[in-house]
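Two complexes are shown next, each including chain A; its partner changes from chain B in the first to chain C in the second.
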Partner chain A sequence: MTLLPFAHALVARQDLPVPAWLFAWGASIVLIVSFFALAAGWRRPRFEQVGWRPLGAGLSRGLCSRPAQILCGLVGVFLLGVAVYAGLRGTEAPDRNFALTFVFVTVWLGFAFFSALLGDLFRPFNPWRALGRAFGAGFRAIAGQRPAHLAYPERLGRWPAAFGLLAFVWLEVVYGGSGGVAVGLDPHVVAVAALVYSAYVLAMMALFGVEEWCERGEVFSVYFGMFSRLGCFGVEDGRLGLRPPLAATTTWATLPGSVAVVVASIASTSFDGAQEGAFKSAIGSTYEWAIDRGIAALTAQRLTDTLFMLACFGGVGLVYMLGVRGMRTVRGAPSFARLRVGFAHSLIPIALAYLVAHYFSFFVFQEQAQFTYLLSDPLGTATTDLFGTASAGVDYRVLSANAIWYVQVGALVVGHVLGLTLAHDRALVYWRNYRDASRSQYWMLAVMVAFTCFGLYLLSVANG
Partner chain B sequence: MRNASKASLALFVLVAAIALAACGSNESTVTDATAGPTATKPGGKPESASMGGKVPTIVVRNGEPVGGIQELEYNAGEEIRFEVSSDVAEEVHVHGYDLMQDVPAGGTVSFDFPAEIEGIFEVELEGAGEQIAELRVNP
Partner chain C sequence: MTLPLAHVGHYLWVLYLIPVLLVIGGIVRTMLVERHRKDD
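This part shows the complex of A and B:
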């Protein structure tokens, strides 16, 4: 059998699979915790009222002021420019080029992790939002009126963001993963993709309005915005404030297509985690099947990976839908559509847990590269040494295998508990009768246990 | 409340089953460990790295590892020793540890370094970008 070149773009070190004993402990804790969640649930919703209270006025005025917004916007646009320039003019080696690590690690993972803790950090730095607002301001100055926009088709909701999210991860792990042994994605492709995406976003903003598109269609805003709902920092009416953790998730999924966004997030991480472990042999045999039908190797590989990624999307969505369908059978249940939207936010902690479990070590290692040689020598051509760190390397000793395992399993268990918490809370809103609410949660419990144990399983057979 | 007690019973059985499974797999890892401390997996291929105290050799022919990508497995703290003999002039790169050595055409290079970074690493022919071995360092 041909060995498939599945190597990840930037990975020089891969995680060891979680040992069986830790897998068993993790799964056991999940089940025991779930049991207690059923037995000792609270009886009144606790997270539905977003109790937001403003932080100090001075702090708010400083952080949300116009100059601060303009400065953050400029930083965002500048960094996008650096990434595109490095991609176009820099080395072809993915690991030596600023563009890849910056886009796929620093931004994609970094904003997801830190937004969950500190609130919607991406919003002020979003280069497209900054450009869109600048164009809008210019238009107002010249034409003397606000730009007119088309009405956004309400039914479309966040579907463009869901598809965009899948497309972004596809570019990274399917298109980039199939270029040959350890080649990864060509930085040039990243730069071109960034330019094409920028043109698309700016066009959509011109059509539908900047904030409208950021809320619904702009992949990064929607994705990081989703995770930012978990934390306790938020901005309302231009003021920074504190809210109870998790509370802001309860109002997130009201736009159509939100379910697809969170499902796409779980599915794409699952696929990346499974392609070198759980699905390796299945992907291999599908690939062989395609080759036997006379399809060229590279096409066959991309086709196979695409199919499995879509299968992950379908599978994750199906498990959630089955849980929702199950809840419908409980006496006094609201409509299927209402339930489907109503419990989507309980998957956000699971999506974050998957992300932490699969990329935490990669993030820690690759950020060392980002802040040493990639910063000093962004083009990777050994012609610049801006900060004197161009010859530094990544120290892989900063995390032991045990530390990584505990973070991975811990993230999944915590995500599981938070997901159950949100689902239980929502059930109390839909079912006035506490016993019916509890009964409905057997179904969501099954969904959560399935996702968490699948996540643990992926870790235990990773890179096998 | 019958539903709840049934559910708790089911959960208990599941937990117990998983705990039992864990004990079983623990035993198997213990026997693995006693089988050979410098565990070098032969991978079922005749040309693969040699066993029995000898230093494993990765043979490269026509720029490709004979018998496919070789697996080298060590525990942290051990000494990693292996050789690469190649029929083409190449540079051998051990990722993560970031060690490089040139091998002349028809020659052999030997690596000898302590296993101090845990994880899975590629050993690669840098010029061709061809992976020749997978190095695993367990904690």
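This part shows the complex of A and C:
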């Protein structure tokens, strides 16, 4: 059996026909050509009016019905229970325990990828939403009235989700990645973290209401919900429908803290990619500096990684803010605050592109483990073989190193071209004159080229 | 004579920075040209 090291190792050195840096030049040229094509041929906003049309009534009734919702909720709660149980009772080996792969790969990456294609899949399977709704229904049955909730502070917006997202990634790549181990997170820690998070979410739902907290504070709902706006499937008033791709992103960033969520998403992926590559020597120097000051090795490692992760967050935010600042100089520009919020949705395709570029191969390899030996032997103790696949392994030959590289480059280029398109479309709303709108987008072009080149640089260093 | 290329790998990041600087340079140049045209 092939054992898969639970590491974010991307791919081995490839044998590319041209140097990796030339791809950054090629991608930049694609963006510049797209920019001029948009300026020449896209002269009125097309994404602002979301043309939603319902799908067949039978399909809607089936998928959005109460029994279907209850069933999906039960599946979500059951899987959360399995992950917690495996974490508490299973082996300490991260690569053999169901909990780690399930939480950090199948859920974290799987829902992000598939939500972008198929809509908000996490919502029906969200175990905390299902539990919150069940508790609410129980309360109504006993007390005869709906539970009273506090008014959610408007200014808080999606900030709890942004901090939660950083905390989740911190747990995986800083807390679990320290001490020289790629992901040394103990499955027991994952289980305890899941229990603590469950208690926190249920308490917040009791305070502010289930749907209110899912829309603003629940990390996974906000994160996967953000990606689901890219796709063409959506639910309105309990009915399943179709909408133009990308159109639903235009209304996503209206809540405070949304910019922080999408910036945190890009920054956390960047940090994970840069930790063992581009930032390695800088992290090493800072770590040595901390050690020289008498800080214990593990604490010094975690402290250094945390600082660099926050620096990534600040750096990505700064590049975006510079782009917004640049747009502000164009004649007829709205306020800085309006521009900052108004263009945040153009970063969503980039967040997804970074996620695909960094984790696509990891996801493909690790899911083979998830659906074979981890499913048959969730505790990893070699005592069960539920589906007869406990002795299966991972086939690394399903993806060649070059294929992975081309998917990474393709994801980055497509993601940034889509981001540029969304930004151009929004500029046409803010600047009635399309020439001014195009001029304002020079700045977003610079932002997109910067993110593309940075992304490719991170991958080239990680792959080298 | 051998060229001092032993550490060239450390500076490959410059090649990723150049397209970004070219685009920013282009933006600044366009802005300056427009400002001059307006002043005239």
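Definition applied: the second predicted complex is superposed on the first by the 419 of 464 C-alpha atoms of A that agree within 3 Å, B and C clash if a C-alpha of one lies under 4 Å from a C-alpha of the other, contacts with A are read in each partner's own complex, and residues count from 1 in each chain.
Just so we're on the same page, contacts are C-beta pairs under 8 Å (C-beta built on N, C-alpha and C of every residue); 3 or more make two chains touch, one makes a residue touch a chain.
The structure displayed is predicted, hence computed values, not measured ones.
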**OP:** Once the structures are superposed on A, label A:442 by its partner contacts, choosing first (chain B), second (chain C), both or neither.
**Re:** both
**OP:** Applying the touch criterion given at the start, work out whether A:450 contacts chain B, chain C, both or neither, answering first, second, both or neither.
**Re:** second
Subject >> Which superposed partner A:326 touches (first chain B, second chain C, both, neither) >> reply: second
**OP:** Considering only the touch criterion stated at the top, classify A:393 as touching first (chain B), second (chain C), both, or neither.
**Re:** first
**OP:** Could you tell me if A:28 is touching chain B, chain C, both of them or neither one (first, second, both, neither)?
**Re:** both
Original post:
Does chain B (first) or chain C (second) touch A:342, or do both, or does neither?
Top reply: neither
Original post:
More residues of chain A in touch with chain C or with chain B?
Top reply: B
**OP:** Name the contact category of A:402: first (chain B only), second (chain C only), both, or neither.
**Re:** first
Subject >> chain C-contacting residues of chain A that also contact chain B >> reply: 21, 24-25, 28, 32, 442
Subject >> Of chain A, residues touching chain B in the complex >> reply: 3, 5, 7, 12-16, 19-21, 23-25, 27-28, 31-32, 34-35, 38-39, 180-183, 393, 396-397, 400-402, 438-439, 442, 463
Subject >> chain A partner contacts - residues on chain C that touch it in the complex >> reply: 12-13, 15-20, 22-24, 26-27, 30-31
Subject >> Contact set on chain B toward chain A in their complex >> reply: 3-4, 7-8, 11, 14-15, 18-19, 21-22, 25-26, 29, 68-69, 76, 95-98, 116-122, 124, 129-131, 136, 138-139
Original post:
Within the complex, which stretch of chain A touches chain C?
Top reply: 21, 24-25, 28, 32, 278, 326, 329, 442-443, 445-446, 449-450, 453-454, 456-457, 460
